[in-house]
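Pasting the structures in now, so scroll down.
Paired with chain B in one complex and with chain C in the other, chain A is shared by the two complexes that follow.
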Partner chain A sequence: MTGGAAKLSRRAPVLGNLARDRARAVTIVLLLLVVTILMLLGSAAFGSTWVPLEKVVAVLSGGGERMERLIILQLRLPRVLLAVLAGAAIAVSGFLLQKVTRNELASPSVLGVVDGAALGVVIFLALLSNDSNALIVSIGWQPLAAALGACAAVALVFALSGRQASSAVRLLLFGIAVAAAAKSVIMVLLLTGPIYRTTQAARWIAGAVNETNWGEVQLTALLLVPALVLALIAATRLPPSDLDDVSARSVGLNLPVFRLVIFALAAALTAISVAFAGGVSFIGLLAPHMARLLVGRSAIAGILASALCGAVILMGADLVVRVLFAPTEVPAGTITAVIGAPYFLYLLLRKDRLNG
Partner chain B sequence: MTATANRLPLIYGGLVLLLGVAVLGSLMLGYTIYTPGELWDALAGSGTSEADTVIREYRLPRAIVAPLVGAALGVAGVIVQTLSRNRIASPDTLGLNAGASLAVVAVSAAFGTSSLFGLSFAAASGAFLTSVLVFALAATAGGLSPLRIVLVGVTFAGLMNAMVEVILTVNEAELQQLLFWLSGAFVDRPLTLVARNLPLLAVGGLMAAMLARPLDALQTDDATAQSLGAPVRVIRIASFVAVALLTGASVAMAGPVGFVGLVVPHAARALVGSRHSEKLGAAALVGAVYATAADILARFVIYPTEAPVGAITAVVGAALLLVLLRRRAA
Partner chain C sequence: MDKALNGLTVDTLSVAYGARLAVDAISLAVPKGKITVLAGPNGCGKSTLLRAIRRLHVAKSGCVLLGDTDIGKMREKEIAREIGLLAQSPSAPEDMRVEELVRLGRYPHQAMLQPWSKDDAAAVEDAMFGTGVGHLRDRRIGSLSGGQLQRVWIAMVLAQQTDIICLDEPVNHLDMAHQIDCLDLVSRLNREHGRTVVLVLHDLNLAARYADLLVFMKDGGIVSAGSPRELMTEELIASVFGIQCRVIEDPVHDRPLCIPMRNSSPRFEVQG
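This part shows the complex of A and B:
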């Protein structure tokens, strides 16, 4: 009797902690959402000409002067929205991979998808340029080349791994091997090719969202939004702790199949976003860890926080390159680490929640 | 284990033999191909003046640099994978190569340095500074857990690679010249450069050898390691220093040669199992053969131009990794 009461009183604070953790996670996700929206408005406002925030809101709600409408709707909003979509998708992809492989170094780039896409772009630039290094087709086909490269790489990884694909670390190693092979072909093609091509390919590989048009944004959204919803559904099926075989069986999951589905989903998310935004893969490594430090190990809060962190980082990086480095076109992808890393290190050093 | 122990001399013997063949190949093969007789004459100093120059001043240094760098990175890779308990970790994961690259790019952008010794010194300093930084940050917040080491390292790697990219994009003129350095090369490394870095390699190698037994304890979880009486924290610190010395010396000699430190540990484990007293030696030999072979291949892939050896190590390593994986040995 007394033993039971003591047990109860010991458990009560744990339950209290759980409720508090959940409330905390919800608050942080909402805060991140606010930051994302502010960042979006700020990104539309800042640039070579400053548009006051109230005018940004006016333009977005259908009013505003002609000049402001042109700047915001045609020049700034497409790249900002692409940054939101691609940043969120890459981050979610990384989240799924880290969760399902239980490897903290897992990220979209180790599946071979990013380097495959980069190889697609480099081959595209190499094959379809004439003697004076001008492209003989429209640059608008470049995303297609990237997507094809990404799909080819994923197909290769799965074909090579065969039945071993259900083992997490093996699939990662297969991905790393394919990525490395693609990377070396890229290196050789770039070193033997003309400098102009090197520069252009290097820009893609780093990742950037400038020169985005509405058509590309619509296409990306059309492909990414369903994939993101699927990812969220998959996340609800993830056990709250990281997935190991025993806990998966205990919640009735067929783990090998589930892993394959998640891998495919992560690959699709990455392929779609890198096709238009380039190799912005560092976000996929960093944002999920950031989310975990912020909201703990809950799957749904984690996926939402990852997506928002990813969106904010890529928007922030794009804003920095537009404001600080203009007129030199530094690709936003290179800055993502500079934006994300300090805050991540701060989170890492401030808290000791890694084992929580 | 006993079966492996019986095979051990055979495996080591085979690897040493392979290394000998690779080094000979590295001396004989290239733009001009020499026969063993010509090679002997040149080494003895009685060959034609042309063969004399090519072999003694051009090929001999790289036939020495390549195996040294390969061995150092292979050993460093084994230590990092044990230290981080992560089989996809490598010296790159700790940010050392990124730190070296950043130092090189920053120094040449700021001072226009292009002398090999200047760049080499910058690379080593960059790698050491990064290791101190990563170590200090990982240590300050709640101990040196593998997860923390990896996360801090990866973050620094990303941060520094980003800075490299920014500097390169802003000073585009330097792009082509440094791109070659940044992918690693064994070409045109004078023996004096090797001599300067030899002490670092020797100390790092010695530390690795002394760490063999303690690292075995680190393969289990911390509680088990501690109950076995292993001073986990001391082992981690010593491992970190050994990795910094070995990687720093390699990057100073050859630039950031990728992928060696990732693949070689897998190959070594497939050959001799996971005891470090056997794995570290095997990793040194496999790494040496691998880097030397990659260096020979680099001369022929886009003949007559040299390919950057980093591209070749990645492609050869990818093939090796695939073979290991397909045989379920990795």
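This part shows the complex of A and C:
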């Protein structure tokens, strides 16, 4: 305990492990960025017709032939960009929640946001369809219904938690309860409703990015980019939240306020993401885990890596359903679970082995 | 540092858990640059008082004054620059590195988006050097022994560079050698750096050995406060702790030593 050796090492080494950790994290984030860009180009190139990569680049830089411009700019790019935005947002939401609850099992679905949004969609489909099961308004309103449902669920969770909202456990319990209640109402509405409604609702619940357009992409970007910037700013305050409550507060973190802000931010990110892309919440559990394994403990690198992983996963899932199941439009969300769940198990088992 | 002039005063402070008063109208002047030890039976409110001094509990009535400023009116980071506190059972992720944990002590000194400064680096080096954990800087928290871990946590509190340091039962989970080692470290920090230390200790003999001011608490109030020699009497210990004892002279240190004998209250007696 008493250290002669300790006294010798008073000066910090030129490049300590902490600095090496950081250099490694920066490198991996940059690599992930490259992967994301390649995936984006690949997603624009692949599909029912193959567009060579050099032509994709030509189209993106303003050239290209008319047909290629139509395929890429009107058909493929909106869904690819929505996948990037929604995947990134749900992943960052999951990262924030896992950090602030100090629980690796926390995911955006536990706040009740996802099921609230799903309930919004189902009620929308139930109320606004006529006797012949056709919607009497445009399906374009569906994201608004999802967003309203998500906001209502979050408001309910926070209202129920009341003054205990800064306690992570209480908030999660109320979130799970609200999610369960929303699920059961959804089930009743689906079972008693017409079949068209069930199919349409099931598509949304699984999560898909195929029925999108530039307007939705722009709106999503407009809402998400500020939320992601806020998340990065919040990340500079995240480190003490790794500690127990008393220690975190004693180094000067205003934990009750900080928790509320993070929960609200995570709920907003999830709501925006699922409003357009549906129930892709599994990415919110998976991507932060991948990010942590890749970049380690840094909060800022963790958020960036989570966002990129989430984007890559959702783009990849969408690409798989476009290539494998065409012309049937299978929701991408089904693939994230089919591929993601075994990978997730692998990560957990590997981690256990490393720890044991 | 002019803030070093600020003394710490507890003024008729009450703290409540629901309807129960855990701290009941306590007043105490914490001597500056000395070691104050809060002692008393379980549930007497000593840990609550310590946490209230750091404003981790909201005062029901009364206040804690730093100089002439009510800490209830200070900002979170402001308090964290004046008073450090080591929690009773602190926890950090197992894969966190030692240096990373010690760096968290610099949190109250950093503004949002402000880069790591030379002062921060120097404070972290000093804290790790002062606690003898410099050679552990790259180790992960999960790989440390109990004694090493406690030193690392103390280093984190030191990196905060506060004039007042509160430690809540810092030797609870340590073996005898590490208990002495840890408290020697605390007492050295007090003597060499003039830091004001407030400790909660369970072991009465350790309390008597390290305290400048010993405070006996019972039922949320202060029974008596004074030097260990004044307080360590057989009558007072019997009335506060409910145990008959003999107080003798510690043959090594110039301090009184308590030899517990028989429980004077009937609550633990074997039913027969």
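FYI, the second predicted complex is superposed on the first by the 315 of 356 C-alpha atoms of A that agree within 3 Å, B and C clash if a C-alpha of one lies under 4 Å from a C-alpha of the other, contacts with A are read in each partner's own complex, and residues count from 1 in each chain.
By our rule, contacts are C-beta pairs under 8 Å (C-beta built on N, C-alpha and C of every residue); 3 or more make two chains touch, one makes a residue touch a chain.
None of the values given here were measured: they were computed from a predicted structure.
**Q** A:Arg237 contacts which: chain B (first), chain C (second), both, neither?
**A** After superposition on chain A, A:Arg237 lies in contact with chain C alone.
**Q** State whether A:Arg297 touches chain B only (first), chain C only (second), both chains, or neither.
**A** It touches chain C, and chain B stays clear.
**Q** Looking at the overlay, does A:Phe282 come into contact with chain B only (first), chain C only (second), both, or neither?
**A** A:Phe282 contacts chain B only, not chain C.
**Q** By the touch definition at the top of the document, which applies to A:Arg69: first (chain B), second (chain C), both, or neither?
**A** So A:Arg69 meets neither chain B nor chain C here.
**Q** Does chain B (first) or chain C (second) touch A:Arg22, or do both, or does neither?
**A** Neither: A:Arg22 stays clear of chain B and chain C.
**Q** Count the residues of chain A touched by chain B and by chain C, then name the partner with the higher count.
**A** When the residues of chain A touched by each partner are counted, B comes out ahead.
**Q** Under the contact definition given at the top, report the residues of chain A touching chain B in one complex and chain C in the other.
**A** Dual-contact residues (chain A): none.
**Q** What residues on chain A touch chain C, complex-wise?
**A** By the definition above, chain A touches chain C via 1-3, 5-12, 16-18, 21, 102, 233, 236-237, 239-240, 242-244, 246-247, 249-254, 296-297.
**Q** Could you please specify the touching residues of chain A with respect to chain B in the complex?
**A** Checking each residue of chain A against chain B gives 103-106, 110, 160-161, 164, 169-170, 172-174, 176-178, 180-181, 183-185, 187-188, 190-192, 195, 198-199, 202, 206, 282, 285-286, 289, 325, 328, 330-331, 334-338, 340-342, 344-345, 348-350, 352, 354-355.
**Q** Quick one: which bits of chain C touch chain A in the complex? Just the residue numbers, please.
**A** Spelled out, the residues of chain C in touch with chain A are 51, 54, 56, 76-77, 79-81, 84-93, 95-97, 99-100, 104-105, 107-108, 112-113, 121, 125, 128-129, 132-135, 137-138, 147-148, 151, 153, 156-157, 160, 178, 181.
**Q** Write out the stretch or stretches of chain B touching chain A in their complex.
**A** Interface residues on the chain B side: 86-89, 93, 137, 140-142, 145, 147-148, 150-152, 154-156, 158-159, 161-163, 165-166, 169-170, 172, 175-176, 179-180, 183, 258-259, 262, 266, 301-302, 305, 307-308, 310-312, 314-315, 317-319, 321-322, 325-326, 328, 330.
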